[in-house]
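You will see two complexes here that share chain A, one where it goes with chain B and one where it goes with chain C.
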Partner chain A sequence: MSSSLFGGGLDRRILGLLAILTSAAVLVPVLNLAVPPTSSFHIPTYAVALLGKYLCYAMLALSLDLVWGYCGILSLGHGAFFALGGYAMGMYLMRQIGTRGVYGHPVLPDFMVFLNWKELPWYWYGFDQFWFAALMVMLVPGLLAFAFGWLAFRSRVTGVYLSIITQAMTYALLLAFFRNDMGFGGNNGLTDFKDILGFSLQAPTTRAALFSISALMLAIAVIVTAVLVSSKYGKLMIAVRDAESRTRFLGWRPENIKLFAFTVSAVMAGIAGALYVPQVGIINPSEFAPANSIEIVIWTAVGGRGTILGPVIGAVAVNWGKSWFTAAIPELWLFALGGLFIAVTLLLPKGIVGTWDAWRAARRARRSAGKGTSQVEPPVAEGTTARTTRHSIEPQPAE
Partner chain B sequence: MILRALWMLLLPLLLLPGVARGQDAPLGEIIARFANVEKFDQTEALVRELGATGDPGVRPVLEALAEGNLYVRKVDNAIFIVPGSGKVLKLIDPLTGEEADEASSSALKKVRVNNGLRRLIRDVLSTLTLGAKSAEARMAAADTMFANPDPAMIEALDAAIEAESDPAVKLRMERARAAAVVLSDLPESDKIAAIELLGSLGDRSVLSLLATVEANADGDLQRAAADAIAEIRSVLAAWDAAQNVWFGISLGSVLLLAAIGLAITFGVMGVINMAHGEMVMVGAYTTFVVQGAVHAFAPALQEWSLAFALPLAFLVAGAIGVAIERGIIRFLYGRPLETLLATWGVSLVLQQAVRMIFGPSNREVGNPSWMSGSFEIGQMVITWNRLWIVAFSLGVFVLLLFVFNRTSWGLHMRAVTQNRRMASSMGIRTPWVDAFTFGLGSGIAGIAGVALSQVGNVSPNLGQSYIIDSFMVVVFGGVGNLWGTLLGAFSLGIANKFLEPYAGAVLGKIIVLVLIILFIQKRPRGLFALKGRAVEA
Partner chain C sequence: MTNTNTILYLDGVSVSFDGFRAINNLSLVLDRGEMRAIIGPNGAGKTTMMDIITGKTRPDTGTVYFDGTHDLTRYDEADIAMLGIGRKFQKPTVFESHTVEDNIALSLKGPRTVLSTLLNRRSADDARRIDEILATIRLEERRDELACNLSHGQKQWLEIGMLLAQDPKLLLVDEPVAGMTDAETEETVRLLKDVAKRHSVIVVEHDMHFVRELGVKVTCLHEGSVLSEGSLDHVSQDPRVIEVYLGR
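What follows is the complex of A and B.
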């Protein structure tokens, strides 16, 4: 059971997910572009953008799952990495506007002209090149996570304390990006994008292509995560999650293991943010809001942390629910979200996928017990399932 | 000029009751002459003459003239004060202040004034009040003259200083005189003495005056001015620092109130209550409701509605806290991160519930009269509501210290904080302690809400705006000791307010956050960390 947890790498379920993602990458654009709008199989362009957004969220949830589900670090600041990646992409898109802005300045984005700036700040150099922006999408969140993690893990900041200071980190960034003189558009953020790599962002073909790229990038992220957690490093991560002190006493360096996971996860979140921005057409400081980062946690928790499939399912399901709620009964959405937080932690601590696994394992155990082949197996199986989830949040006393 | 000097010397005498009344007849004559003025310098002469009478009765005329309300009736050249405008105007006798007649606007001619005249009138009026009976009026007059120093006033001030008995008023007059002397053409030694006096008083408003002196003079005078400026600057810097410390203490006391409940629950139960901010909000809304109820049912008790709100807010927030503990947290025992998520869910629900009941807009809670207004110490301004909140938060802190250190509940709480299993083995009912602690922490958040309703608006987001700062206080102060929270709250408050003038409010806050993140590296569990084996669990 729980083969997605311990080895196997790309097991059947993950292969299934990859198959769905790649076929969606092909099918959705086809149904959007080639099928006439009158057909019932037609997918409207707005739905393509919405689905693309969900996929970015799924990738973000997956990145959080890597640190929380597998390494036991509850980051309440993952939205910061997502937003930083988004800003890096937004800066590239801003530079692409060129003279088509309201003020028609060839170099300066509109908001800088508005603020009466005379020249481009140094940190905007290079963002007119796509390769540079793409590099920064990974480098900036990665470096921040590395610096933050290096400081935090080395001095053994753990548990609730770590969660709180990751929240402080994203809060500090929120305040910083709200400032006009930071040079990131202040309150309004970056918007009014025109095109990406020469393709108009308004064109349905570009939108369809962005969707496909998001689906494929998510597939790659799934593969990377699956391979990583089933490798030796992945086992060490799980060991740190379940018993950090014990891992240390066995001679490993938990801080390095955590730092690696944290950095990889931040890079993944940054890429998700970069894919998100061209599809929604705006990036502003509210993406740094601590509440957003906590919402990511609930996507992961709903789907099931410590599984590959869970965060993807959770992110899509919760955001679909959010879209539906905010359109149908907006005043009840916060009740639903709040209730979800409470219900999931109380009733479904393993999430949808984890609970499904446990239920299947129990059924299999019952069946084999019914056949009379083994009397001992069921309790063992149940015990292991419980262990993998419960210990993730309960640090073991040093022995 | 000589005439003026004379009347200035006589002023105290003239203002004695009875003496002043004797001036009625000439006053009327002077006023009547306004009918014949053709040029501004004639008006000016008249104004000076009126001032020279030293009669407080000229005040209404001069005020009316400055406001352009003094009119001549064309038929008989009589002078009237005409307030307001329109077709038919009321005419008021300038001496008696009684309504004399009515006339159409076309039958009247305005006595014209210009800015130079207005300034003169203001000066004359203020010199008149230098001899006023109430010390407050005299002080106000001296301050007006200080704000617009005029060498012509020196004699008047000398006379007033001579006659002044109130030392505070005398000081103000001397200050005004010094400012006038600096601008006069008196000998340099007088000016230097005046500059020294101004320097020693250390007031922001003389800086520009001294700067002009420094720029235009040379030699000793310039040096004296430069010295005085430096002296004033250093005095001001000290007062600014004191004011910042006060702002910091005030912010710190709010943080202390908001964070101390959080610190207690975190210490005892090891869980961060993300709904803590919402308890603060609930407390603030309780105050709002109580104030409304008192207003409706017992308006006489309005001043004391806070006294009802305080226990009620504690009970309401405490009850919600106990309900959360019994309903949710109890089942998540030993899983602090999941507790954090569940309480976040609770906070969303509470926020939305309040938003639906009371509406999303800000609600205003009034201050009782004993909490409004402010007073000054030197050059610092202290508002009463802030002072009350500082006192209140310290009171709550002392009360909690007492509960912690002198009651059996406190003993149990400390025992559970230090080693839960051991405490449990010794017969302490840890679930009860948990529920009590959570209720206590939430209740204190509730009374923090009462206090916060006095310094800001009450909105559904009230809690959110304080919660991250409260976390920072707890993380910085540690949970081993209530003193840690006190120290954490005040150092964060003061650090914030000290950085604000240099870096701006937002950047200051960012710097504080970064400093805390760095501080955590050195002391991962705050200033006052628990020591011992149980900690590493």
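What follows is the complex of A and C.
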């Protein structure tokens, strides 16, 4: 029944994930706002913000999975799209401060007054409007990805070479955003936000609402990804991942297939960044750091690339571990993260979800082999096994 | 330049890699509907010739015309595929994580834009065509199986099926029976003869037994140019061919 929804894109597991996300969008605010702090069911406000942050990371990991897991493009610069989306939102939030800044300037953000700037740079125009900022959240990462991808994929840059230039891209942006004269707050970035659409960012209700919106946006991202990868286009992405030259000699243009995935993925990462910034209250150039982009790869690998559930689980699990680790034994976190990546690569190359799928498929095969000796499988059951094997696509390493 | 009965026309084609002449003043004419076998020792330039025809390699000099008017040196791989040239690689290359049926479906002739794949719904016509091709390559039973589970020989047939789905005018088939059992080779002979009824075909193969079974005109390449051409008996009795195969 469920498999007919959205052309077969939403299987039972994805529907389960969507159910969890939508109920979290309702339950977490209720448990935070309506349940008294004395109750053991109460969720403290800091935890709401933390969970909201995890959901943004999950969306970021999902966006990377779309290009890496399904299309074989190992981007080591996806943090750049996330940060650009974040900066676009941060610029809106800066303009919302108005006269409440330290210097009380009606137009210029504090850092511009401090730098003795007399007027707002042209590229800050329009960011006092939410709709404009929201548009830029998608447009800026999307256009960068489109331009970058157009050049790189047309020149047939693939594999490690592509990974290295994506890394160079985010590093170049890191250096650029560090500069004060870029007009994005330099080293300190954008912070001291007051409110969003007129609601105070400090208010628990606003934080709860931001959490709900993050959960719902992640749900939408899951639906978009699921529909994309189950369409004919999705099959082509996998074909390009596994045998790019075959698609080319069949008359397809792998560069266009990759470019579309890369652009959609960058837009998704930008939206994740825009949801992240109001919840953490700051955006600065460190979000462009190459190490951040590599962390996204680790989340995705841990959860299982080439699956939709995997990156969501991976991002939440690894970041939950990070929160715990950096509180308990902060100096060991980077070793733990590196160790985790090595362990996953060696022991669970398909990640948590991929390994689970393989285990289940093996068990099913064993069971039906045992049954096959005693009785012939009815054709209906055969049909279902065929369909499930089709869904458990084994991810292949990026070339 | 070429008459209408010619599907492929190569004249004076040369290409070198780092000073090594992989193809040296090669000329070859293939008639419409003809099946041709290309033989030659290792390094004779067989695969490079295919690379030139399919746009992967650009020749330094010479002309390559397809279907009368198309100058193939001016197009890239995807364009050439759309003009109607299908290519099977030496190593069978199929989409391993897709089902047999999806492999064919992704190869079916049709628009090749991203938008068309996003809006695509498989038509009854497509479904019929897929059934037809699966019947031709005898993989109907395994249509729901992932391609990675096929045997080596079945992958070769699937790849030929993918070329057929493209509905090309000319098929380039590189070593179709490499690594096949005798029974599989027999089956491949049948399949290629069947395909040749409706398409022009170039088969590159080492296996002389297989070439004899095909029973078509043979071109022997050596050091990037044509050494001998004619029936297999004619070519295999040519002293220069014997020299090349045995003389070293």
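Rule of thumb we're sticking to: the second predicted complex is superposed on the first by the 365 of 399 C-alpha atoms of A that agree within 3 Å, B and C clash if a C-alpha of one lies under 4 Å from a C-alpha of the other, contacts with A are read in each partner's own complex, and residues count from 1 in each chain.
Just so it is clear, a contact is a pair of C-beta atoms (placed from the backbone, for glycine too) under 8 Å apart; a residue touches a chain by one contact, two chains touch by 3 or more.
Bear in mind the structure is a predicted one, so any value in this text is a computation, not a measurement.
Touch criterion not met for A:I308: it reaches neither chain B nor chain C.
Looking at the shared chain after the overlay, A:I97 reaches neither chain B nor chain C. Judged by the touch definition given at the top, the superposed model places A:L250 against chain C, while chain B stays out of reach.
Between chain B and chain C, more residues of chain A are touched by B.
Contacts of A:S231 after superposition: chain C is touched, whereas chain B is not reached. Residue contacts after overlaying the shared chain place A:G159 against chain B, while chain C stays out of touching range. Contacts of A:L74 after superposition: chain B is touched, whereas chain C is not reached.
By the touch criterion stated above, A:F335 is placed in contact with chain B alone, chain C being left untouched. Shared contact residues of chain A with chain B and chain C: 245, 390, 393-394.
Chain A meets chain C in the complex at residues 228, 231-233, 235-236, 238-239, 242-243, 245-253, 256-257, 260, 386, 389-390, 393-394, 396. Chain contact summary for the complex, chain B toward chain A: residues 266, 270-272, 274, 328, 331-332, 334-342, 344-349, 351-353, 356, 468, 471-472, 474-475, 506-507, 509-510, 513-514, 516-518, 520-522, 524-525, 536-537.
Every residue of chain C that touches chain A in the complex is listed here, in rising order: 54, 77-78, 81-82, 86-87, 89, 93-99, 102, 105-107, 112-114, 117-118, 120, 144-146, 148, 162, 166. Across the complex, chain B is touched by residues 74, 148, 151-152, 154-161, 163-165, 167-169, 171-172, 175-176, 178-179, 245, 290, 294, 297-298, 301, 331, 334-335, 337-342, 344-346, 349, 390, 393-395, 397-398 of chain A.
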